[in-house]
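These are the structures in question, set out in turn.
Each of the two complexes below includes chain A, the first together with chain B, the second together with chain C.
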Partner chain A sequence: MDRCLAGDLLKGKFPEAVLKIEEFRGETSITVAPQTIRAVMTFLKESENLYYDLLLDVAGVDFAGQVPRFMIAYLLHSTKFNNKLRIKTWIAEDGALDTVSDIWKAANWLEREAYDMFGIIFNDHPYLKRILLTEEFVGYPLRKDFPLEGRNFDQPFAVCLEEEQ
Partner chain B sequence: MAESRYMTINMGPQHPATHGVLRLLLELDGEIVVKAEPHIGYLHRGVEKLSESLTYPQALTLTDRLDYTSGLSNNLAYCLAVEKLLDITIPKRAQYLRVLFAELQRIAAHLLWVATHALDLGAMTVLFYAFRDRETIMEMLELVTGARLTPSFIRIGGLAADIPDTFLPRVKEFVVDLPKRIDEYETLLTDNIIWKKRTQNIAIMSGEECLNYGVTGPVLRASGVYYDVRKAYPYSSYEDFDFEVPLGRKGDVYDRYLVRLQEMRQSNRIVKQAMDNLPEGPVAAVDALQVVPPAKEAISRDIAALIRHFKIMQEGFKPPQGEVYASVESSKGELGFYFVSDGSNKPFRMKIRPPSFVNLGALPKMIEGQMVADVVAAIGSIDIVLGEIDR
Partner chain C sequence: MGLEAATPASVQEVINWARKNSIWPVTFGLACCALEMMVASSATYDIARFGAEVFRPSPRQADLMIVAGTVTKKMAPLLKRIYEQMPEPKWVIAYGACACSGGIFQTYNVVQGVDQIIPVDVYVPGCPPRPEGLLKGIITLQEKIAVEPAEQRKLVSLPWGNNG
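Moving on, here comes the complex of A and B:
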C-alpha cells in the first residue's frame, strides 16, 4: 500500500503539481509539473512516511515531434520502506529543469549524462559539462534526430589539444 | 599570473591501476589530494543509441559488452526487464539455472577484483591464485555458453539451451573446493600487516554519504547499509535461497575487501543450493510463442515452426506500450534496465543504470584529503569496469 501512499501524500501536499499517476506492471509513475520538481523531490526525500533516500537513476527520453519534447524520469528507492517510485516530468526543447543534485549528490553525474546525451539544461547544476563525450562534440546523440552512425562518421577526428587551466 | 601552490597531475587514461581507461585529474598539495576530477567516456560506444536500432533479441548481445567481467549478470538484468514488459513467467528450472550462472559469475568477478586490487597494492601472489580459480569458472561457463566473456546465454524467455551433463559434476567439485581457496586468500591478506596498513581507514564513506551519492553494491554494504536487490526485490526465485548479506561497519577499503570475500562464500552457498534443488523441466517459456524460438528439431520437421523461428529472428516481437525498470544485484551493485516501449519491435529508449558509473561519482568524495598513494586503493575498492561506465 506504500506505493499509493506517495501519490496520495503528494496530491495532498502539492495539489497542482501532480498531473498523473500511472500503474504498470506493479510500478508506480507519478508525473509532476516541471517547475515543482525541487519541492516535490525534497518532500519525497524528507517526509517521514516516504523517505526516498536513494536516487537510482535519472533517465532522459526524447519524444521528438511531441510538445513538450523531453521526458525526464527519476527513479527513487526508499531503504526504510523498501519500495521504488518513478517521478516523471516533461520539458520543452528550449526549457530547463531545476537540478536536484543538492538533494541527492548522485544526481550530479546523472544529470550531466542527461545533458550530454539530450542537451537538457539543469538550472543551478554545480558543474554542467559533458561527461561521456568530449567538450568539442557537436550535437546530442540520444536525440531521435541524431543519425545512428553519427555525423561525419567517415571523416577523421579533428586533432584537438586540450588545455587544462 | 599568480603561482598556484597546487600541482595538477594526470593519472591515466593509460595507467595500470585505473582498471581501464579512466583518467583522473588530481590537484595535489604535496602528497595530499585537494581535488579530483574523473574524466570518463574513452570507451563510449553508444550502447543506448545502438539498442534503439535493434530488435529486443538483437540488443541482448550489446549487454555482454557492458560489464565484461560478468556478462551473464548483464544478460539477466536485460532479460528480466524485457520479460517484465512482456509479462511472461519463466520456468523454475531456467530461473534456478540463471541464479546459478549469476552467482558463478559473481564469484568470478570478485576473484578478478581481489586479484587486481591486491596487485595494485603490491601483493602479487594473490593474482596467481585467484586467476587459477577464476579460470576454472570461465572454463565451466565456456562449456555451457560457448564463450568466456560474451555469453549472451540467458535469453528473453529463458535460456538458450539446457546445460550439458558434464557441467554439474564440475560445478560440484568447484563448490567443495572454493571455501578452502578463499581461506587461502585470507591467509595471504586478511591479517597481513602491510595489507591492513594500506587499506584500513582509507577512503571511508559513511552509510549516509553512500546513499546520498547513490552508491550501491559491496561498497554500500561495507558502510553498513543493508541493501541488496536480491533481498529487497527478489528476482529469478532468489526468495527460495538461503543466504546472508554481509555488512561492514566502517566503510573503508578493508571493509569492502572483507564484504566481497564474504559475498563469495555466500554465492558459493547459493550455487550449491541451486544445484541441489535444481528442478526438472523446460529451460524456456515454451508457451510464449511470440518470444521463444522453437527447438531446432521442430524447425527441421515443421514448416510452421520454421516460419515462427524466422519471424522471431528477423522481426523480433512487439511488447505492449509502457515503461518498466528491472534490476539485479550484479557484482558491482544495482544494475538496472529502464525501458520505454512504444509498442514497436525495438526499444524506444533503453536506459542502463550502471552501478560502476554512479559509484565512481563518489570517488572524488572518497579521495579528497587523502594521500595520493591511496587513490589507487580507493579506485580498486570501488571495483569499476569502464565498459559499463562509458557504455
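Moving on, here comes the complex of A and C:
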C-alpha cells in the first residue's frame, strides 16, 4: 500500500499542529496539538484527497502520573479510498477538548462514553451526560486511580421508581 | 369431595394445585442465562411438562419472573418496574450466579444479587445453570406453592379472598 497521504497533507496545511507522525505495520498515527483538533478534523473529512468520512471510534487512555494525563485517539476511515488513520491528542486532567460531534454525528455518543469513563470534558458538546452508567454515579471508572471494584460496590443497592416517590 | 368439604382450606389446596401447574413466566432475559432458559422451552427439555411454557410478552399476564442473567444497576429500575406490573400472585426465580449474588461481576455497575431489589423465591446457582437447573427450580417452586398458606398470597376475585 502507498504511504499514507494524510501526514504530508496535514503537515503542509497545518505545520504547527502536527507534532508527530508514526508508521507501524501500515498503520499511520498522527499526534496533533489539542487546540487545533477541530481544524484538523474538518480538513481530514472535507479534503478531496483524504475524505475520512467515517469516525469509527473515540478512545480515551489514562496515563496517570504523566503530564498531560489523558490521550484521546480518534479512529478514522475513508470509504472512498478504503484506508484508516489514527489521530491522537493529549489533554490535561483539568483541560477540555473541542467536540467533533458536529463534524461526525457518531462522535456524539463516543465522546459521551469518554466523558462517562474518564471525565474528559468536550467543549460545545450538545448533550454531555453519562451514557453507560447511571446519572448519579460518582467517579470515572476507567481512570487508573479508580478502585478496581468501585467504591461501596457490595453495599445494599436500592431502587426507587418514579411512581413511588 | 362433597360440597360441605369445600371449606376455604381445601379450596386453597385446589387453588394452589391450579397455580403450581400453570406458572406462566414473563419473557425476560438479561444475559447468557436467558439462552439456557430458551433451550429449556425447546423440545429436548420441554418446560411445558410443568405448565410453564407460556412465556408472556406482557408482565400483566405473567405469574413468574425468571431473572436470567446479570442485573446491572442501569437495568435495575426497569426490572423492578416489570416486577411491579405483574399481578398478584407472583413468584421470582433468580436464575444463575449473577442474579443470585452478582456472580463473577464484583464491580461497581452490577447489582450484587437481585434479592436486593425484589423478593426471590428460588435461587438456581450455576454459570450458566443447565436447563435441567431451571426445571429443578420450577419443580422446587411448585412444591413451595403447593403448601403455601392462604394468608401468604392474596386471593384475588374470590368472595372470601383476603384482598381487602
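Assume the second predicted complex is superposed on the first by the 154 of 165 C-alpha atoms of A that agree within 3 Å, B and C clash if a C-alpha of one lies under 4 Å from a C-alpha of the other, contacts with A are read in each partner's own complex, and residues count from 1 in each chain.
Going forward, contacts are C-beta pairs under 8 Å (C-beta built on N, C-alpha and C of every residue); 3 or more make two chains touch, one makes a residue touch a chain.
None of the values given here were measured: they were computed from a predicted structure.
Colleague: Applying the touch criterion given at the start, work out whether A:151 contacts chain B, chain C, both or neither, answering first, second, both or neither.
Modeller: A:151 sits against chain C, while chain B stays out of touch.
Colleague: For A:84, decide between first (touching chain B), second (touching chain C), both and neither.
Modeller: first
Colleague: Now for A:134: first (chain B), second (chain C), both, or neither, which partner does it touch?
Modeller: both
Colleague: In the overlay, answer first, second, both or neither for which of chain B and chain C A:25 touches.
Modeller: first
Colleague: Just to be sure I read the superposition right, which of the two partners does A:105 touch: chain B = first, chain C = second, or both, or neither?
Modeller: A:105 contacts chain B only, not chain C.
Colleague: Go through the superposed model and pick first if A:92 touches only chain B, second if only chain C, both, or neither.
Modeller: It touches nothing on chain B or chain C.
Colleague: Does the superposition put A:59 against chain B (first), chain C (second), both, or neither?
Modeller: first
Colleague: If we overlay the two complexes on their shared chain A, which of chain B and chain C does A:75 touch? Say first, second, both or neither.
Modeller: first
Colleague: For chain A, give the residues common to its interface with chain B and its interface with chain C.
Modeller: Common to the two interfaces on chain A: residues 132-134, 141, 148.
Colleague: So in the complex, the part of chain A that touches chain C is made up of which residues?
Modeller: Touch residues, chain A against chain C: 132-134, 137, 139, 141, 148-151, 153-154, 156-159, 161.
Colleague: Under the stated contact criterion, what part of chain B meets chain A in this complex?
Modeller: Per the touch definition, chain B meets chain A at residues 8, 25, 40-41, 44, 46, 48-50, 52-53, 84-85, 87, 211-216, 225-227, 232-233, 322-325, 327, 334, 336, 338, 340, 348-349, 351, 353, 357-358, 360-362, 365, 390-391.
Colleague: Any idea which chain A residues touch chain B in the complex?
Modeller: That would be residues 24-25, 27, 29, 53-57, 59, 61-62, 71, 73, 75, 77, 79, 82, 84, 86, 104-106, 108-110, 113, 117, 130-134, 141-142, 146, 148, 164-165 of chain A.
Colleague: Across the complex, what residues on chain C touch chain A?
Modeller: Touch residues, chain C against chain A: 73-74, 76-77, 80-81, 84, 106-112, 116-117.
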